[in-house]
Amino acid sequence: MNKTIQSGIGKSALQLVLANSHEIEDTKTRVIESDYSFCTGKTGSMDMQKVVSAIETAAKRNEIIDETLYREMHALYHAILEALEGVTRGQVLLGDVMRTVGLRFSVVRGRPYENEAEGEWIAVALYGTIGAPIRGLEHETTGLGINHI
Amino acid sequence: MNKTIQSGIGKSALQLVLANSHEIEDTKTRVIESDYSFCTGKTGSMDMQKVVSAIETAAKRNEIIDETLYREMHALYHAILEALEGVTRGQVLLGDVMRTVGLRFSVVRGRPYENEAEGEWIAVALYGTIGAPIRGLEHETTGLGINHI
Amino acid sequence: MNKTIQSGIGKSALQLVLANSHEIEDTKTRVIESDYSFCTGKTGSMDMQKVVSAIETAAKRNEIIDETLYREMHALYHAILEALEGVTRGQVLLGDVMRTVGLRFSVVRGRPYENEAEGEWIAVALYGTIGAPIRGLEHETTGLGINHI
Amino acid sequence: MNKTIQSGIGKSALQLVLANSHEIEDTKTRVIESDYSFCTGKTGSMDMQKVVSAIETAAKRNEIIDETLYREMHALYHAILEALEGVTRGQVLLGDVMRTVGLRFSVVRGRPYENEAEGEWIAVALYGTIGAPIRGLEHETTGLGINHI
Amino acid sequence: MNKTIQSGIGKSALQLVLANSHEIEDTKTRVIESDYSFCTGKTGSMDMQKVVSAIETAAKRNEIIDETLYREMHALYHAILEALEGVTRGQVLLGDVMRTVGLRFSVVRGRPYENEAEGEWIAVALYGTIGAPIRGLEHETTGLGINHI
Amino acid sequence: MNKTIQSGIGKSALQLVLANSHEIEDTKTRVIESDYSFCTGKTGSMDMQKVVSAIETAAKRNEIIDETLYREMHALYHAILEALEGVTRGQVLLGDVMRTVGLRFSVVRGRPYENEAEGEWIAVALYGTIGAPIRGLEHETTGLGINHI
């Protein structure tokens, strides 16, 4: 398979969270054709712990990562935290600074490099809204974390 | 015009930097149909100052912002910095910590909220690679900053 | 009116929180003469959320900002967070790292630039004490956030 | 002498940088009456190193601190860095992120607590402008750092 | 006594937390011979406040610092926070980002410089594990904070 | 081999940088007996880039990592940056904020977990001094970064 930038693991993860309802099936098909495994989900909270937990749980239940191996959990965890840096832009805090998020997330796993020795990598993408805990007082936000696994 | 999440200013900015070559014209058309003005460009450097400067210059030259008004420059500047938080994930540093970026950027301006009183907003999206200053030793990265103008 | 640095919006906000009891009326008069609207208040907590909330509530109740407009709330919110960076100096955390604050705050709104096209800006100033949750184990702290509105 | 909040070391430092030309002599007199020693100065640069260096040099030349003692230099250094957190609000960077400062500074040393055993403390206050390296594209900024000496 | 790097206050603090059970008595003897006073302890939590509190309490109970003097508490507090920066590496957060620590700590006080005028300093060292709140999903972590007292 | 905490990869890395001259051979022997490969070195600079580069170069020359594989370089790079967070405690900056470091470093690679499936990990330890660019105006500092490889 030819791994061009078109099938980058990060771009795949981003497209999964950005796809509108009529685009989502095509997007999933393209990601599968790139030999990536993935899961998607939604999470919303003022509590950062719940956001981290929702993504970890989805990745474990969908067997994107093996929860019995710390190296896989460690790779996922740091990818999640890096994605949250993009979402929060500065201080990785939500409710403590009176803001809340509503996010779609994707976790994508696979081999983004042509050199087989580069092995597997993981990408976590987030897209949604961040703002005051009042409907409408919010704007869009995104984040992407990538790690070797 | 009905401003649904489909035409969010942040999503529009992200789609402009994520579009593959055969998708870019359609993407631009969609963004224009959402009544947004925008510009796109590329920048690559180990020097953060050059990245900031490239985006500011493009936004000024393409008249997305009025460079004689500090309030517009201030809105753009903070949107750029927030996007760079997503790209750098922690410390907004490039060459100082021995890494370089190659980025596509977009700057989108318009009215993303149905309530006209919400006025204009600006979105800056970045997508590309970050890594060691050696070709191939890099992975994807993205960032999005949004501000009222 | 001649807007010199003497009537800067940030300096006005700082003077409102620094004024001693016998100076406060003169200070308020000077700020009003600069055509700024403002409110002042006090807040003390180990809980950052309560500090943010106290300032937002005062600004809304005193009609310094229009709480139905997200662009105004967004401008205020980022000014508050920037002021808190000065107060906390590093990590925007209070109780989590065993410290508490007792703060006076001011929110000032107006036109600090001679060019009318620069429009309205908002300044949030904080001054008080930060320290251990034991009386006397504390020192002074300040912060200033400024944003276009 | 009665050390009330009126003569706080931090407030004294802030008043020295905020005073207008016709207020500066009265302010200095009040600070001297509080038994504080102090120096003031100006610095402007896109280079953070020059800002730190200007304040350190002034404090040494005016014998506010004893430059042969590391404990005094260490106390001053951390007070400067904390004040710069307030000025930069997030990332302690200037030129790297395309911005410049023009600052007045004060360094104040003395005994702010009634209990003599609390010994000497140092306060560094900064006030001025931060913005793009173009005249007028800037707003006010402030910072305060306090340390035991 | 000749204060060489061999008896640095920071190295002493680190050796106290790194010593295995059969080395601890020798290590303590060496630290005492360097004329340092110290205490050691253990703390584990997802709650950063409890970690800070455990170290402060141990230092007070063992009379390493005088809790009635703010200058001593201030010196200790900043040394603890600096040590926690090394442990958390980026955001000084534990449970908020779904992680927990199990740490040994030491607080060492004394005169690490040959020049008597440099006076007393304090070092806080931390060593242990950080990771998910599941046994085994963790790796080692360390931190060191040093301050004049 | 029984991997107890006594032979933790992080503790091994720390012991290599903390060992005095008469202890270094015993320490190296113990690390080798734990089946870890490692290298050590020294670096001193006001320029963070040179510090990062010195550690990367040593790890490549001593074949602790395979420089042709990005996944190995990526693992090392993040371990270095995490160790530097402990050294700098807040802002990963040296000369920009007028300070310099003199550091011993170690890079250790191996299998710290009993479960073979956890694979290889890398630890980077730093120990030395940080301070003003004047001899003696400095104190000790340390940092530890650990990553799966």
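By written order: A, B, C, D, E and F. Residues from 1 in each chain.
Going forward, a contact is a pair of C-beta atoms (placed from the backbone, for glycine too) under 8 Å apart; a residue touches a chain by one contact, two chains touch by 3 or more.
Remember, predicted model here, so these are calculated numbers, not experimental data.
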Chain copies touching (subunit A, subunit C) - same or different residues, decided at half shared: different
Same-interface partner of A-E, chosen from the options D-E, A-C or C-D, over half of the pairs matching: A-C
Whole-Å separation of chain centres (CA-atom averages), subunit E against subunit F: 20
Centroid spacing, where centroids are CA-atom means, of subunit B and subunit E in whole angstrom: 44
Between subunit F and subunit B, distance of the C-alpha-averaged centres to the nearest whole Å: 36
Residue numbers of subunit B (touch at least two other chains): 70, 74, 90-91, 93, 96, 113, 121, 136, 139
For the subunit E and subunit F complex, residues of the former touching the latter: 6, 8-11, 14-15, 18, 20, 82, 85-87, 89-90, 112-113, 121, 123, 127, 136, 139-146
In the complex, subunit A residues that touch subunit E: 48-49, 52-53, 56, 70, 73-74, 77, 81, 84, 91-93, 96
Contacting residues of subunit D [partner subunit B, same complex]: 90-91, 93, 95-99, 131-132, 136-139
Of subunit B, residues touching subunit C in the complex: 69-71, 74-75, 78, 113, 115, 117-119, 121, 147-148
